[in-house]
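Each chain gets a letter, A, B, C and D, in the order it is written, and its residues are counted from 1.
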Amino acid sequence: MPSIDLNADCGESFGAWRMGDDATLMPLLSSVNLACGGHAGDPATLRASIRLAQQSGLAIGAHPSYPDLLGFGRRPMTMPTAELLAHVFAQIGGLAALCTVEGVRLSHVKAHGALYHTLSSDVALADAFVQALARFDAGLAIIGPPFGALAESASRHGLHYLREGFVERGYNEYGHLIARGQAGAELHNVEEICAQALALARGDQLSCAGVKLRLRVDTLCLHGDRENAVGIARAVRAALLQAGIEIMRP
Amino acid sequence: MPSIDLNADCGESFGAWRMGDDATLMPLLSSVNLACGGHAGDPATLRASIRLAQQSGLAIGAHPSYPDLLGFGRRPMTMPTAELLAHVFAQIGGLAALCTVEGVRLSHVKAHGALYHTLSSDVALADAFVQALARFDAGLAIIGPPFGALAESASRHGLHYLREGFVERGYNEYGHLIARGQAGAELHNVEEICAQALALARGDQLSCAGVKLRLRVDTLCLHGDRENAVGIARAVRAALLQAGIEIMRP
Amino acid sequence: MPSIDLNADCGESFGAWRMGDDATLMPLLSSVNLACGGHAGDPATLRASIRLAQQSGLAIGAHPSYPDLLGFGRRPMTMPTAELLAHVFAQIGGLAALCTVEGVRLSHVKAHGALYHTLSSDVALADAFVQALARFDAGLAIIGPPFGALAESASRHGLHYLREGFVERGYNEYGHLIARGQAGAELHNVEEICAQALALARGDQLSCAGVKLRLRVDTLCLHGDRENAVGIARAVRAALLQAGIEIMRP
Amino acid sequence: MPSIDLNADCGESFGAWRMGDDATLMPLLSSVNLACGGHAGDPATLRASIRLAQQSGLAIGAHPSYPDLLGFGRRPMTMPTAELLAHVFAQIGGLAALCTVEGVRLSHVKAHGALYHTLSSDVALADAFVQALARFDAGLAIIGPPFGALAESASRHGLHYLREGFVERGYNEYGHLIARGQAGAELHNVEEICAQALALARGDQLSCAGVKLRLRVDTLCLHGDRENAVGIARAVRAALLQAGIEIMRP
């Protein structure tokens, strides 16, 4: 029976501010990427998120970011690679420690926001990140775009790489995500979202800005902070199961 | 040959702001406690500090704090134990990850500032901290005061505990540190400091606010951020060696 | 025709995190207290909040706090008075400047959270605050509890003081707010809330933990971040108008 | 008798971290630009800096920055103009309020670090900043480079503009500062620094990367955080006085 991982970014509250309905969303997933203080996620939030993820038996990943709470990690920052990686591994390590204290192991890492995009296009940074990750824990998988600098670097250094597809985001004719704020960046129709989820899960042809592409992916990402996030998660889940695709952590 | 550990708190710079002359001080020590973002120590500072500590072959410890950069961790904060420990272990884990990436292992944990004092007097907090530390890594030693809640809790849960003496701080008649800002809180005379270092290292009688006490300690702390910190470190080191006491990481 | 001011705390979003539905709530008020960075309210949020308040013709006040984003200003902090007041006036001044740039004047100041309570009970702090406020702008009104240190200090130094009543919070037998988390701290029933609003606006007897008290107030506070905040605001407004009480900025 | 203003950036400490020796430097100046929380300068530091500046009778200016404590405001940040200006005026307003409480008026504004450079080259941003400043307080002077977008914008909108020369920084053949980190960016020799100070103060020809230029300036900037800052300040001051140039706030 074919299977696919279903992930979402959670743990994105901060202090008194809530983001997303993690307690409702998590039981619908197989993996979760937890903010680790760079763009969101204070330690108390992280601890609560780890416990929620454990209750649902999810694979727990770290979701590090440029250090930019005010910009929610969506603004690229110019800093030396060594400094950036120090931030990234301090974040990953903080989450990993909280996991260890709770008796669960980290399973993967997925960069957040602007860092997700920089790592996909900057070969030198991707290599430095992958090599540091291998030194930190070579058993961790990396989640990232289906192709690009990070996928290649992970392959070159022998780390397990999970190609990710977004069920609610539009792709351009090169198979890249259409940037937020541009036309077609987000899918709003639930049927359309479910159809994209199925095409990504099966490796079927997908209409990307008018061009038909096949994007093979290992994991599907849902956005927990969008309107009707839970409704969409339920619909995507149902569509996958009905198509005979098991939802399974990697 | 008798021996003692010589530790200092380092890595306390933040961004463009320097504190202490770590590069000169570290070669004079056997252990170092590195700030991990709670009261000081941004990730780039931590990475540089780990590399310096490695060059001198020091035992590296984490120096977690209440989350209070502006107050340098010197103000006690009221927060639930679970929230406080989440901060503490996120900090420890961040430093531990940077150590792992650099190929070195964390050897101990020593709380900073107000948290050092709270852990020595709050039995419930000390127990919760020690139990969480045992889950995180039962091989880590704890540095703390020669007696009190933390020492007892470590003993109760079987963690290795290093009793710490301060060579430049005055002790009151109960063997507690005289609080900063009070008369006698700091020793300024280098001969006096060396004499206190020797008394602590040998377990000799020490004059504590007029009373003679024996404080048995396993590690001596020097303050890296005080005036003439390097001069004092050299003098203490020379005094110990001359008295036939080896300076050795625990 | 009798009148009363209706205020709420707004501008409490931070970066990507939303709190409260300011755009819907503000048209129902006559005054608004805007967070100014201490517990919430980044500068872009403040600017947007000022513009919303202008559109509704509200009196705009500053809502300074202990500097504690992570704790949302609800934790008392120990710091010297001069340091605390420096934080408070840097916050007030930041908001005042944004108001000036938008062509509107600040009309009042109301402390937030833990600082609201400290100022009501610490006479020395209340005096220092009121004197500094008089130096900053003696035309600003102060919003605070109907009695206590701040009310007395404002009276002593000749500043305009607006006694505040909370329509959704329970009062104890001394006329103090019942602390959050304790039984009776919050009123949930809309009819009960409207009845309390009327009693406070008219200076009628109010049942305070079984005792009948009269709390004379000049302004009524609604909470914008609670469930059904907008529904409650509409009901309170309707009840006041129906009772012939005009809602008017002070 | 010819005169020139002598300014430096002060108030750049943060919490427990010191930067510069403001108490010694300020009496040697006629103006001071105080950090206001963007890149440095917590409120308690600001209050102390204002008091020091008052004691020396200095003109006090605000020194706003991109909101980037960790990068000390030296990294350009990408954010919408309205958001950036909200940060800048919240900072200026915070300092202005602390000045008002201390009984002194702000006299000028000088952007810090990366923002200083962006404002000199981005015409739209410079215009938006100058217009907002005019709305905030049209009596404030602006300190900036001798020519470029900011100088032109200030002239266009009728604000008082003070052209600034740096006594310790090298200039390229276009009269722009050589970027930090590049060859010739900093002058180290005290005689050379004094000669440059005199040339800038008199509008004499100055050797700029081999080309002779005349840079007419109204104020000379000294750096308070460099090595031997106080020694250089004394030498520059003596050289100016000996040449018959009075040091006078604008």
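Everything that follows uses one rule, which is that a contact is a pair of C-beta atoms (placed from the backbone, for glycine too) under 8 Å apart; a residue touches a chain by one contact, two chains touch by 3 or more.
Computed from a prediction, not measured in an experiment: that's the story for all the values here.
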Most distant chain from chain D, judged by the mean position of its C-alpha atoms: A
Pair sharing more residue contacts (C-beta pairs) when A-C is set against B-C: A-C
Rounded Å distance, chain A centre to chain C centre (Cα mean): 41
Approximate Å spacing (C-alpha centroids) for the pair chain B, chain C: 44
Contacts with 2+ other chains: residues of chain A: 42, 67, 70-71
Chain C partner contacts - residues on chain A that touch it in the complex: 13-19, 40, 42, 69-72, 74
Chain B contact footprint on chain A (complex, rising order): 36-37, 42-44, 46-47, 67, 82-83, 85-87, 89-98, 100-101, 103, 132, 135-137
For the chain B and chain C complex, residues of the former touching the latter: 67, 70-71, 75-79
